[in-house]
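Chain lettering (A, B, C and D) follows the sequence in which the chains are written, and residue indices restart at 1 in each chain.
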Amino acid sequence: MTDSSSRKETEDWWRTALIRMEPNQIDIRGHPIEDLIGNIGFVQMIWLCLRGELPSKDQSRLLEAALVAAVDHGPQAPSIAAARMAATCGVGLNSAMATGLNMLGDVHGGAGEQAVSLYQMALSFVDEGDTPDAAAAQAVKRWTADHGKYMPGFGHRFHTRDPRSPRLIELVQSAQRKGVVSGRAGDIALRIEAHLSDIKGRPIPMNIDGATAVIYTELGFDAPLARGLFCLSRSVGILAHAWEQTQQGGRNKGPLPKGHLWTYLKPSEK
Amino acid sequence: MTDSSSRKETEDWWRTALIRMEPNQIDIRGHPIEDLIGNIGFVQMIWLCLRGELPSKDQSRLLEAALVAAVDHGPQAPSIAAARMAATCGVGLNSAMATGLNMLGDVHGGAGEQAVSLYQMALSFVDEGDTPDAAAAQAVKRWTADHGKYMPGFGHRFHTRDPRSPRLIELVQSAQRKGVVSGRAGDIALRIEAHLSDIKGRPIPMNIDGATAVIYTELGFDAPLARGLFCLSRSVGILAHAWEQTQQGGRNKGPLPKGHLWTYLKPSEK
Amino acid sequence: MTDSSSRKETEDWWRTALIRMEPNQIDIRGHPIEDLIGNIGFVQMIWLCLRGELPSKDQSRLLEAALVAAVDHGPQAPSIAAARMAATCGVGLNSAMATGLNMLGDVHGGAGEQAVSLYQMALSFVDEGDTPDAAAAQAVKRWTADHGKYMPGFGHRFHTRDPRSPRLIELVQSAQRKGVVSGRAGDIALRIEAHLSDIKGRPIPMNIDGATAVIYTELGFDAPLARGLFCLSRSVGILAHAWEQTQQGGRNKGPLPKGHLWTYLKPSEK
Amino acid sequence: MTDSSSRKETEDWWRTALIRMEPNQIDIRGHPIEDLIGNIGFVQMIWLCLRGELPSKDQSRLLEAALVAAVDHGPQAPSIAAARMAATCGVGLNSAMATGLNMLGDVHGGAGEQAVSLYQMALSFVDEGDTPDAAAAQAVKRWTADHGKYMPGFGHRFHTRDPRSPRLIELVQSAQRKGVVSGRAGDIALRIEAHLSDIKGRPIPMNIDGATAVIYTELGFDAPLARGLFCLSRSVGILAHAWEQTQQGGRNKGPLPKGHLWTYLKPSEK
């Protein structure tokens, strides 16, 4: 291998379409950075980085609603609790944030990604000729067979009616009326919700993951980005909790006040 | 310890002013979540979570400019490179993001936080009666004595004039003319830049950390939040790079194409 | 919910059989810690924690060989490279280690776990009456159908004969002769290796993951623990590299020397 | 820059003395890996990687005792609790381990490193002519002035006499009698313990960090490696807890049983 072929290989190894730089110049997706700063919003920047093109104002607003909605759901979530605990362990705020984000795995942070896949599957059945109701039922059946009983995006252990979902669906329907989105994902999601409640005999409400997944699907994001976008949103809550904990103080805070767990860990009699 | 005193302690252990919940109700900083969704922007939500109150439109816009500016600086940054590599290792996008964030430590992600402290120190000298120029010089001297030669927020290994900084300073000055901010941090930062260039005999340009730190100081954020906000901003670039790498494919990508490093690791002759 | 039922639930939430404590007493798996310190080795302690009982000397020695073998494979591995880069970013050694470990995902660190599953599958075919050769071939076929072309534990991009594998297999066979293990996993693994080389028409050597998976299977570890044990082993290399980098110094080291990647990121002509 | 100078720079960028490789050959610190496997223990391998040379049997045994001692201290430690929670979030065991390790920051995992520094400081006062008792008192005074009231390695919130410390000190003294170590760190640590108890008027017992730091100091490890070695040791407990939790099951386990924290987060009356 010659040095110049080696160089070519290295160049290819790290190629990116996201950014181009030379001294005193930084282009993001072809836009000089100084043209973006102060002229586009943070959510437009997120879209530009992920999708390669700038969104319309209306598209950006809908994405923004999803990002606002998922910011926090309190310290009973393991990600938030762990970030608060990390903030008492002598690491920087960036590491406290990483601790929380790292927990948003398939179970804790993957429901939005899975719900996008569920909607896409249901919509593909519609495209193949099923009625929307049949497609919704079929998608639920298929998902259960492949992945088990947890239906991503529906049901909540605390809320019987998650206050975030109807508000987000309302915004999707409004965007649909303006022609911003097709409304198909919102429609199929509501049918899945109705079908699930029907077969369970009790309300199985669309939750935050189900509702934001509607928006991500309507806006054309690939399923894995639903997790990525959720991570960007929840990062805000993670940071805010880690910072609040930093200000409250405390050292090596575990899950319970000092001495509580202790009592559960007594050596057995011998 | 009675069970009820134990309960009281646990309650206190996890208290937060950020969120309140009961079934079907979620309040963020006292605002029902459904009133926020679709009505405030993501950057306003960030501010609300971190500060407890909603910002004005103009305050929000200035913060938004800082968040847009710091999104990405390419894969020569270890955080971005590591997130791209992680994306080829069989972990979720959330873990790839955590990998990048976790690297934004004191050296890689701490310059903004340090620059806020530097500006606050210089401004405290002004408050004590120094002229701005004397305060800038004194702050540089003090910082160097305490922390060594790296002056946070100034100098760049690639750019002689970082294209992001003048644009951000321009926005600060415009906000100052509108009475949104005092402009004191921007002013002292420019004096520090001039002083540094003077004593070094070559331009030591304000970099992205120095310029965003001006905005964070002007807007009244505590120094550690400068790192937190940088993390929120850079998370976007980290996610976008991890996602691009995911789409490019690859398995277990190291820092160099397969076989390259190999040649550097030959056992010595025996 | 009464406070005492709440307390009972919390107790159950955090129950563990690993450790019991009261003031001035710590029992690990029923053994007072002071009886373990200085009396059992680190590898025996690993086994005790993971399995609940102390291993025999011979079992411990075999596990020890696997742990020694997988410690390091150099900085072309993304986990090692990232840990070295993290060590230049201003985080503690613990965070540099976490960075490396976090990358040992399904692709980078999961091959041992998958190989244990592969061997267990092949051995179940033997139990059902297949000849060992037929079982090996059938397991390969089934694995490929379910998981694609990457056969965990076999093949290497650098080595045509991984020097670690024959040595580990030799130790397994020696332990078999002493009656420490059955030798069935070692036998089936060699048959898989022969079968793969046969159908590919070139050597597909058992690699470190395949060889250590033999040991883990022989010793009765569950498949996911193969990844866990690999993580314990590779942690040593990750720490040693992060520490070497710390001593070498450097700030914000990316994947290539400063300026190199730069040249690949030039803005395109306009 | 020519391609060959570029190549030379890259070679230097990633140089390491830890490992050398070429096809079918892997040398760790100059030893062919197949000579190490089955011939040296895991603790000797840890020493070899970190120090560059093999330890004596006695040195290795003393290090082994420290590694055994610190493996676990239960789920009231935030690192262990977070690893258990992570194991319910849908991430691999490697990421659960990384979550725990990442929390072993300056406060949670840094006491051993700090205690080594404290002992080194006290011993330097002895070298300068102080009596051991005066040196111990002086080191305590200096540490408090520089770092505040937390004296690393001494005091415990649960134990009045940590059962691990006397056992470890006993092993150090035994090694001293055999000439394996000088015993100076053990001696100064006991004097610091006596001095602290004296000035506080109650026992301030040497804790696990203080006792293992004695061993690390006696064996000549640099202070930051005390944290690194603690991380290797505690990784075992982190893995064992994450694995136990995996087997117990659960999804998205937070710090308290479902519904408990909930009651603490009620929106205030309006």
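The rule is short, and it goes like this: contacts are C-beta pairs under 8 Å (C-beta built on N, C-alpha and C of every residue); 3 or more make two chains touch, one makes a residue touch a chain.
Keep in mind that this is a model prediction, so the values were computed, not measured.
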- Query: What shortest step count links chain A and chain D in the network of chain contacts?
  - Reply: 1
- Message: Touching both chain A and chain B, which chains are there?
- Response: C, D
- Query: Same or different: at the chain C/chain D interface, is the fraction of residue numbers used by both copies above or below half?
  - Reply: same
- Where the CA atoms of chain B average out and where those of chain C average out, how many Å apart are those spots? 36
- Query: With chain centres defined as C-alpha means, what is the inter-centre distance between chain C and chain D in Å?
  - Reply: 22
- How far is the middle of chain A from the middle of chain C, if each middle is the mean of its Cα atoms, in Å? 31
- Note on the structure: Multi-chain contacts in chain D, i.e. residues touching at least two other chains, fall at 6, 10, 14, 16, 19, 21, 25, 74-75, 81, 91-92, 95, 98-99, 102-106, 109-110, 158, 253, 255-256, 259-262, 265
- Item | chain A residues touching chain D - in the complex, by the definition given at the top | 2-4, 6-7, 74-79, 81-82, 85-86, 88-91, 95, 98-99, 102-110, 150, 157-158, 251-256, 258-262, 265
- Query: Contact residues on chain A for chain B in the complex?
  - Reply: 1, 6, 9-10, 12-14, 16-19, 21, 23-26, 28, 32-34, 36-38, 40-43, 45-46, 49-50, 61, 64-65, 67-69, 71-75, 81, 92-95, 97-99, 101-106, 109-110, 158-164, 166-168, 170-171, 224-225, 227-228, 231-233, 235-237, 239-244, 246, 253, 256-257, 259-260
- Note on the structure: As the complex stands, chain C meets chain A at residues 10-11, 14-16, 19-22, 25, 27, 30, 91-92, 95, 102, 255-256, 260-268
